[in-house]
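What follows is a pair of complexes built around subunit A, which joins subunit B in one and subunit C in the other.
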Partner chain A sequence: MRRSMLFLPGNTPNIIQNGEILGADAVILDLEDAVAPTEKDSARILVRNAIKYMGFGRCEVIVRINSIDTDFWKKDLDAIIPVKPSLIMPPKTSCAQDVLAVDAYISQLEEKLGMEPGSVGLIPLIETALGVENAFQIASACKRVKAIFLGGEDLTADLRCKRTKEGHEISYARSRMVCAARAAGVEVYDTPFTDVNDDEGIYTDAQYARSLGFTGKSSISPRHVKAINEVFSPSLKDIDYAYEVMEAIRIGKEQGKGAVALRGKMIDAPIVARAQQTIQAAIELGLGREA
Partner chain B sequence: MNGKVVKSLREAIELSGLKSGMSVSFHHHLRNGDYTLNMVMDEIAALGIKDLTLNASSIFDTHAPLEEHIQNHVVRKINTNYMSAGLGHRISEGLMEEPVDFRTHGGRPRDISLGITPIDVAFIAAPAADCAGNCSGKVGPSACGSLGYAFPDAMYAKKVVVITDNLMPYPLRGWSIPEIYVDYVVEVDAIGNPQGIVSGTTKITRDPVGLIMAETAVKVIQHSGLLKDGFSFQTGAGGASLAAAQFLKEIMVRDKIRGSFASGGITGYLVDMLNAGCFESLMDVQCFDLKAVESIRTNPAHQEISAMQYASPAAASAVVDKLDVVILGATEIDTNFNVNVHTDSNGYIMGGSGGHSDTAAGAKLSMIIAPLFRARLPIVTDRVSCISTPGRDIDVLVTQRGVAVNPKNQELMQRLKDGGLPVVDINELKEIAERITGKPQKKTRAGRTVANVIYRDGNVIDTIKSV
Partner chain C sequence: MGKIIQRATAGTLESSDVLVTLEPAQEGLEIELNSVVQNQFGAAILETVQEVLKELDVQDARISIVDRGALDCVIRARVETAVLRGEGEC
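Take a look at the complex of A and B:
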């Protein structure tokens, strides 16, 4: 389960060494924007060693590499693929070809290292207008893509508008991303809320993202993780309802009914699918029981 | 009025009969804003007096001129409870021929009252005083709140000089130290810099690791069985400790728990807890911020206590012995729960026990909050560089990666496990830290002794070697 993803600068050992205890479901170890060009090599070594020797416990590990229009991205992958992160995040992904270039290079490395093909997934970061328009092609570019990720800051620069707390300027991009991801059958994650001192605003922003259909949300501050986890966790009411749905389906099957209703409302396939997702999330959070 | 007010510091020193080889004392409520210690020592040096024993409840970086007085043999010996890194580093490098004697906030008044460390002349910086020497820290341009640590000096020194920048009409209202102890009063332009005396506000940490530890600390208190009506509490002014106080307040207010008292150095957060009905009283030996100063001045439930009442083992009874829970810090803690708050990882002096050992000994639950590592250094070690507080007095260590309970306290261990807290063996915490940071090479302790660490019972529990 990835409700929250926390960006950690790849050149800050003090922060990285506490990465696993900050409450996020995933950490994104950043080799790109957070790291100055002069520190790219040391960050690469630090991130590689942190994954290899320290580990992040139950926290999933994602590494944001440098974009494919730089000289750094292949060196990043050379260093990081051998330590088997869960996902690689290529930034500034604007089309399927960008994804395929990274996919091909990772495949080469996997073969060379004797790793299982496709064992490292991709979560392309979409942060250009072109990328948003090509979101479905990016999400469905190859099997390695497990999710897509919206980057609101760079996108607003590309859109030539101001990034605001309310986020009206990225409404279209958010909806388009969710639609593209669901059409491609992958997960979708929302851009960080960047005012680290606004403890209320993060709730509003995360609730809005969830209402649109995002799977989870990223953060640049550990202080936002709790809010994101709360918003993207199923409520106890949701969980109870999901179990009621599954119980109604079970009874309906026993009774040989073709259509099943709960509280006067028909239970169709999407409702069952959502109930199953909710129960799965509840189990992962220790709130569930087998249906 | 009477003949106590003298024209100058020099006159007061001369009248006090101070001679070479005697001892002088100072209190530290003006903290890093204090002017008086330097003023007095400069005057003493100018008078040609040498070989003094300096008994100061704490020494801060603002007291850097002491180095010159040590080099010139004006000061031969130092007794203190805390020394910040400035002079501490120089002492560690062998500045003094005689070792510094570190005591605790309770041990100092004990030894003064028992005549073990007699004081010939006490100099008491007073934010307000009258011509007879009645004095207080609660009002005036240099207000610092409580004068708790100055009480034993006033009561037991052969001569007492009050230094004030706020001479008020007799009788001073709400005096803390009464005229009966005071021999001379000196008015000066300023006794301290208000900026350095108390901070405007003490602030809760925003560091996520600190907040995680604070949340865990409060869960430990909740599951200890001690958090109920009549609860008593002490915590320091560090960011994580303050966060713990804030979280504790929320729980006490929510569950309508009416505690008895909070004690020690008082911050605005403890004042907020008092005002929210979490405690009946604050027992204040030192104020840390302006809110605490305002509170002690205006709220009768916020009470000033002397260092003896706070923590002296020689007193008939003391506040620390009535504490339920104390939250403390550590620069190092070892697998036997011994705590170091005197030296840094390189063995340099940069602190002192203050009330650490006193509260740890007295409280039913003594809790250390410390990150498992600071930068590249693990905090849990095989043996601390210096034992400030013995492990027998520590019940639990709270880190960001788990809680270690002293095996001597099996009941607490079981309570915390039952409460679902991440209880981990302290050896395991050490291994987790070393897996991340590596095992640092330990500094050897082979130099000459530059300081003795004297436990509150008067016994030397460790020595600090030169670096």
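Take a look at the complex of A and C:
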């Protein structure tokens, strides 16, 4: 389960080695923006060794490589694919062809290394206006795509507007990303809230993202991880209601009822689907039991 | 053979990192270690450095290691980077 994803700069050992204890469900080891061009070689070797030797406990490992319009991305994949991260995040993904280029190169490496084809997934970072418009094509470009990820900072630069705490300027992009991801059957993650000192703002921003349908949210600061995890976890009230729904359905079937009501409200297929999702999330968090 | 043709550095002096400096030499390996955990882990750090140099087939070089409490895998990464840079590969 990925509620929170925490970016960690790829050339900073003292931060990377604490990655698993910062509370995030996933860490994104960054070889792109957090690393100076003169240190790309150093960072990719450090990240490779970190994945190979450190272990990140229950924390999923994602690596953000450099974009395909640089000379770095193939070298990044050469170094990182052999240590089998869960997901590769290609930045500035603007169309399906961008995804397919990365997919093809990873496939070559997997074959060369004797790895299972498709064992490393992709989570394309969409952070251009063109990328947002092509979000469904990107999300459904190939089976390797497991999720898409919205990058608000670069997007607003491309949109020629100011990034604000309220985020009205990216509301269209957020909704479009969620719709594209769900249509393609993949997960979708929200951009970081960049004011690391605003402990209330992160709750508001994460709650808004969740209300739109995002699976989880990223962060550039460990300070925001707790808020994100709380917002993207089902509440105990939600969990109890989900079990009540499933119990009402079970009883209704036993009694041969075509329609079932709970607390005076009809339980239809979307309510059952949401209840199942809540129970699944609760089980993954150790808060639930099989219905 | 990994031939060091130029002076190269890798890493930093930040906590949990190590600064590796490599220079060409005529004959053999000359390793100088300065570590905040020299008494406890000096021998292990030297062993790690020598292992990486052997893996990369570096036989002649002067190496300075200034360690700030780096983990083994960090030392390995920084030595490898310094060697590749010293060979002119980066």
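Operating definition for what follows: the second predicted complex is superposed on the first by the 291 of 291 C-alpha atoms of A that agree within 3 Å, B and C clash if a C-alpha of one lies under 4 Å from a C-alpha of the other, contacts with A are read in each partner's own complex, and residues count from 1 in each chain.
We adopt the following convention: a contact is a pair of C-beta atoms (placed from the backbone, for glycine too) under 8 Å apart; a residue touches a chain by one contact, two chains touch by 3 or more.
Bear in mind that the values here come from a model prediction, so they are computed numbers and not experimental data.
Enquirer: Of the two partner chains, subunit B (first) and subunit C (second), which one does A:Gln17 touch, if any: first, second, both, or neither?
Expert: It touches subunit B and subunit C both.
Enquirer: Quick check on the superposed pair: does A:Arg223 touch subunit B, subunit C, both, or neither? Answer first, second, both or neither.
Expert: Once the two structures are laid over each other on A, A:Arg223 reaches subunit B alone.
Enquirer: Just checking: does A:Ser42 make contact with subunit B only, subunit C only, both, or neither of them? Give me first, second, both or neither.
Expert: second
Enquirer: Looking at A:Arg250, would you say it contacts subunit B, subunit C, both, or neither? Reply first, second, both or neither.
Expert: Once the two structures are laid over each other on A, A:Arg250 reaches no partner at all.
Enquirer: May I ask you to decide whether A:Met54 touches subunit B, subunit C, both, or neither, giving the answer as first, second, both or neither?
Expert: A:Met54 sits against subunit B and subunit C alike.
Enquirer: If you lay the two complexes on top of each other, which residues of subunit A touch subunit B in one and subunit C in the other?
Expert: In subunit A, residues 13-14, 17, 53-54 are touched by subunit B and also by subunit C.
Enquirer: Can you check the complex and tell me which residues of subunit A touch subunit B?
Expert: By the definition above, subunit A touches subunit B via 13-14, 17-18, 21-23, 53-54, 221-223, 225.
Enquirer: Once bound in the complex, which stretches of subunit C touch subunit A?
Expert: So the residues of subunit C in touch with subunit A come to 10-11, 14-17, 70-74, 76-78, 80-81, 84-85, 90.
Enquirer: Where on subunit A is subunit C touching in the complex?
Expert: 12-14, 17, 41-42, 45-46, 48-50, 52-54
Enquirer: Where on subunit B does subunit A make contact in their complex?
Expert: 206, 208-209, 211-212, 373, 375-376, 400-401, 435-437
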